[in-house]
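Shared chain: subunit A. Partners: subunit B in the first complex, subunit C in the second.
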Partner chain A sequence: MSDVARTTEVAAADSPAIVKPKRRVRASKPMIDRYRWFEILGLYAGLLVFLFFVLSPFIEGFMVSLKPLAQLFSTPYSFIPKRASFDAYFQMWQSVPMLGLYIFNSFFISTVVTLIVIAVVVPAAYAFARFQFAGAGLMLGAFLAVNMFSGAVLLIPLFRLMRSMGLLNTYWAMIVPGAAFLIPSSIWLLRTYLIRIPKELDEAAWVDGASRLYTLRRVILPLAMPGIVVVAIMTFIGAYAQQFIFALTFNSKSEFMPLPIGLFAFFGKQEVVWNELMAASFVGVLPVMIVIVFLQRYLVAGLTAGAVKQ
Partner chain B sequence: MSQLSLKNLQKSFNEAHIIKGINLEVSEGEFVVFVGPSGCGKSTLLRMIAGLEDVSSGEIVIGGNKVNDLPPVQRGIAMVFQSYALYPHMTVFENIAFPLRVERLPQAEVEQRVNAAAKVLQLESRLQQRPGTLSGGQRQRVAIGRAIVRQPKIFLFDEPLSNLDAALRSEMRIELMELHKRLGSTMIYVTHDQVEAMTMADKIVVLDAGTISQVGSPLELYHRPDNLFVAGFIGSPKMNFISGTVIGSDGSTINVDLGALGTIALPRTTKIGAGQQVTLGIRPEHLRLGKGEFSLSVTPKIVEHLGIHTVTYSTLPAGENFVGLYEGDPKVNESEAHDVGFALSQAHLFDQAGLAIY
Partner chain C sequence: MTSTRSATLFALALLAPALIYILTIVAYPLVDTFILSFTNAALRPDYDWVGWANYQRIFTAGNFTEVIIRTFIWTLLSVGMKMIIGMCGAVLLNAAIPGQALFRILTMPPWVVPMAIGIYMWSWMYNGQFGMISGLLQNFGFISRPVAWLAYGDTAFWATIVTDVWIGVPMVTIYFLAAMQSIPRDLHEAAWTDGAGRFYRFRRITLPLMVPAVLTMSLLSLISTFNSFDIIWILTQGGPSGSTTTMIIDTYKTAIGSRKYGEGAARAVVICIFVLTFCFVYFRAVRKLSQGEAK
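What follows is the complex of A and B.
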């Protein structure tokens, strides 16, 4: 009997509850996050314009890669391909047989640069974040100054250096300057991250008998992982982007060419195979995309929550 | 024999002289509390004992060995930090096991010791959680667990309860005292909270600007403060101070002129010259409503009714603040003058240098 009474009670309590949540959801949004319909419309319109501005080269590039070459020079120009096909994506491997190697080279050079940078930057950033030593401020300032020079300004001295060290026309010709220019900014980036990890964690580990290296390995590195991943992504992208200038100057062997230089192979004497060029570019960017998607999973924010009460 | 002794311990950071010569003996099993206002050097002193700060001069001796240059782990101490300093990426089990992992103990022993510690601290059901999912009190217990697995001779606590809310703080206070009883090890505890000091300590060390102001049991400090600083620091509400001038002393009493409040004759065997400035101290809780051996009339500006107590705040003719604490809910009203009195035996007297006169 009482069961029946309870069910009706529950039902009675339920029925207004069905209406209520709808109201509550709207009301639960904080005042600062509430917008009127036209404001939301404006926001999305702005977003659309911005995204189009940023992405239009990629959209056009992709469209070009889908068109047959003849259609590219037709007037009036049609933005949307009339007979879209992925032929260029298959054709390009025949037109430039070494394309696969170029893509591999790009990927390989960037990967090695990233590994070197991480291996150097992690201990350096830890030292700058935790130890007080003579010249620390001066060195950090110098790192910043190095960042103000672009690689292009230093090409000629670098060329002489590479030549005297016998590194020209090797992978190292692209890896060494690539890593060298990316290390300073990475140290700054990671140092800032490490400073935010409470010093008490080091002290607690020290009191418990851990050495500095043990603490670095077991406590600091796991906590710094999001920061290290950011540095790795920045370095990888940076290395991918700056290859062009170093590869152009310090390497003339086609088997070591990275993709940006390799793409010149699509520039024929008579004509440029634009559609295949675009297709090759997109395929070449793919590895970077995959790496970023893969690394992004480690960008877990708030990993330090619960370390100390702030 | 004392387990820890500090001999003329000093510490300077560049020009700043933080610790100005500390001498202290701590015997085995004692619960010692370092208390003092912020900036008095109590945390620095604890960190020096821990081995986190180096010693500028003087000696730290633990168990008969000078440990000035030994790393913390070889001193036989364990420390609990104010911020807990837990490793957020490790489970509670691994957090507690950390010191044992550093020592590379076999897994079976690690498990046995961690489980024993978890049992003492009632953390058994939390062992596989991350610190981030725990409440403040539980985090604090994990931090203590990490300290007890190493079975140190001396525990050091750096304001361990200051991050907890008031209710939890008094709960953890009891837990810590129980832990001290069960383990029987020496504990050194730093706090700025004199209530914590009074309730927990076997021995309180009151620090003031890098020197020891007084060392003693809680009740010694309460009843016989050596100086104005300790008298004002221990006890809540703070002791009332009234300045006066000595009229004369004969080896059994000292007569003090308190200005508009009249004169008071305190039983003291010390002789002190007439005309000296002195300070009379009387604790708010030693005041009684109505006339006493010495009486004065006050007009409360504010009256706080706490049910168990009533606290009045008034100003004396010379401008000093005067607080009264009375049991229960007596009839005292704001802006209405009333008489208060106290027993002469409960009054304190301090000389010009702030030292107690007995």
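What follows is the complex of A and C.
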């Protein structure tokens, strides 16, 4: 995949071996990239429609969070709030007393999942990247096959398994299965990074008398750090974005609920308090969103390295 | 490095944690599903072997074939729309215009926000009386009366698809964008020198070279869409009157809702068989494709 990554400035930035090309000066924009005025207009119009589709739920959600309930449940519909107020952002802490805990739980579960996945995946990816042993290809294929089964399909036996392990209604009921379904793609992703590290380094360490474990710990790990960071971020996002079904089925204690399930309780009430639900959603995801804005290049790198070309 | 026995042992030791983890949490439940599907397991601890009875029941009684067909239509529509919108998005984001970097960031939120939270927002937007979609369409005069999108079979079916597309589009777009950028620039420059227009270059250079990326993404999103649970469960719980009940919802209702573990397992097995078939077909397609290139 290296040739792919190199052309993407985003991916290039994460590997220290590749020098980031200097940004092209705008004045000397090549002729091929010049657009006629109507093309520019078309592009921006298209982008407007596209981004409207992608962002409208967030914009509308934000507007809703600013509207008092009485205005929310009134016709005719108006997109812009008439009397905008941030009341919902203060009231929600009373209506959902455990909101802070839900936000923390979401974060905590995703973090533990990420730690487990990294601990398990780093050695496994190294094994697949460096050693030729009988059945390696088959085993890698078997790992990838896990991706085909969603947690929802295996819910019944997983439920029985969690019950017999005594994990129901604990954090582990969400963490253990959550991590399992993220391991295979993480192995695949990290393996592509590790393959790029020259084998000669391992051999040099070997010749100098370093043990295999020492080589992995002191030679490979530091070099693989950018890749590990990408895998960790991808895993975290996966764990964070997909918290629903395990938390819905394997846990009924509200003190362990992650944000999405905690907010799902809103729907149980007689009248859904939409403005507070939206306000709580925004506050809940805000910390992670801010982090992601800064880390987005790693996300792009992770997505493209994992799949584009092998 | 030497490929001695100790190296193999070391590799296996490195693999052991991942292997044990997956065997316990994925492989064992998978085997358990197959075994359960031949039993009448339910909430009570003991159960009996019933042979093919579960499979006989789901295929003869009820509307299982209807559910299968619905699942396929739902999945194909959703994947098709994801591919088309994703491709359009990638083309737009690939254009060298000011603001490009910002637009790329703005594409990502649906992917990184917890899915369920995005779906809550949609469920409000679909609200008939007060929701945005019905409201805006009325304001612009496209519809005369409020439409409760999730209350009718047809509209609920499409509404769940649109939300699924919305969640899937960012990933597809970014992926296609990366694939587009990996196309050697020389090709475009050569064609441009020869006077080929933008649209012609897209059709004759970009699209053909994107085929592998489109195939890969189609399979990935086919599998995830086929298994899509959260969206339908939060928006409609499979209703109204079963019009959005896909196989996965059907399985969940049988197994977790009605506590018929055995029958639910049989339904899950049917899902697994379909997913395996997709993968098999996909690998055949890829092999054919690479053979075609080799010629």
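Side notes on the structure shown:
To be clear about the criterion, the second predicted complex is superposed on the first by the 241 of 310 C-alpha atoms of A that agree within 3 Å, B and C clash if a C-alpha of one lies under 4 Å from a C-alpha of the other, contacts with A are read in each partner's own complex, and residues count from 1 in each chain.
Rule of thumb we're sticking to: a contact is a pair of C-beta atoms (placed from the backbone, for glycine too) under 8 Å apart; a residue touches a chain by one contact, two chains touch by 3 or more.
It should be emphasised that the depicted structure is a prediction, and the values quoted were computed from it without experimental measurement.
Using the contact criterion defined above for the overlaid structures, shared-chain residue A:E203 touches subunit B and also reaches subunit C.
In the superposition on chain A, A:Y214 contacts subunit B only, with no contact to subunit C.
Between subunit B and subunit C, C contacts the larger number of subunit A residues. In the superposed model, A:I103 lies in contact with neither subunit B nor subunit C. In the superposition on chain A, no contact is made by A:L190 with either subunit B or subunit C. Of the two partner chains placed by superposition, only subunit B is touched by A:L223; subunit C is not. Contacts of A:V112 after superposition on the shared chain: neither subunit B nor subunit C is touched.
In the superposition on chain A, the residues of subunit A contacting both subunit B and subunit C are 203, 206, 303-304, 307-309. For subunit B in complex with subunit A, the touching residues are 50-52, 71-73, 77-79, 81, 83-89, 98-99, 101-103, 130-134, 136, 139, 146, 150, 163. Residues of subunit A touching subunit B in their complex: 198, 200-201, 203-210, 214, 218-219, 222-223, 303-309. The residues of subunit C lying in touch with subunit A in their complex are 1, 3, 7-8, 10-15, 17-19, 21-22, 24-26, 28-30, 32-33, 36, 85, 88-89, 92-93, 95-97, 103-118, 120-122, 124-125, 129-132, 134-136, 138-139, 146, 166, 169-171, 174-175, 178-179, 181-182, 188-189, 192, 198, 212-213, 216-217, 220, 223-224, 227, 229-230, 234, 248, 251-252, 255-256, 261, 264-265, 268, 271-272, 275-276, 279. The touching residues of subunit A, counted against subunit C in their complex, run 3-4, 7-8, 11, 29, 31-33, 35, 39-40, 43-44, 46-47, 50-51, 53-58, 60-61, 64, 72-79, 106, 119-121, 123-124, 126-128, 130-134, 136, 139, 143, 145-150, 152-161, 176-177, 179-181, 183-184, 187, 199, 202-203, 206, 212-213, 216, 237, 240-245, 249, 258-261, 263-264, 266, 274, 277-278, 281, 284-285, 288-289, 292-293, 296, 299-300, 303-304, 307-309.
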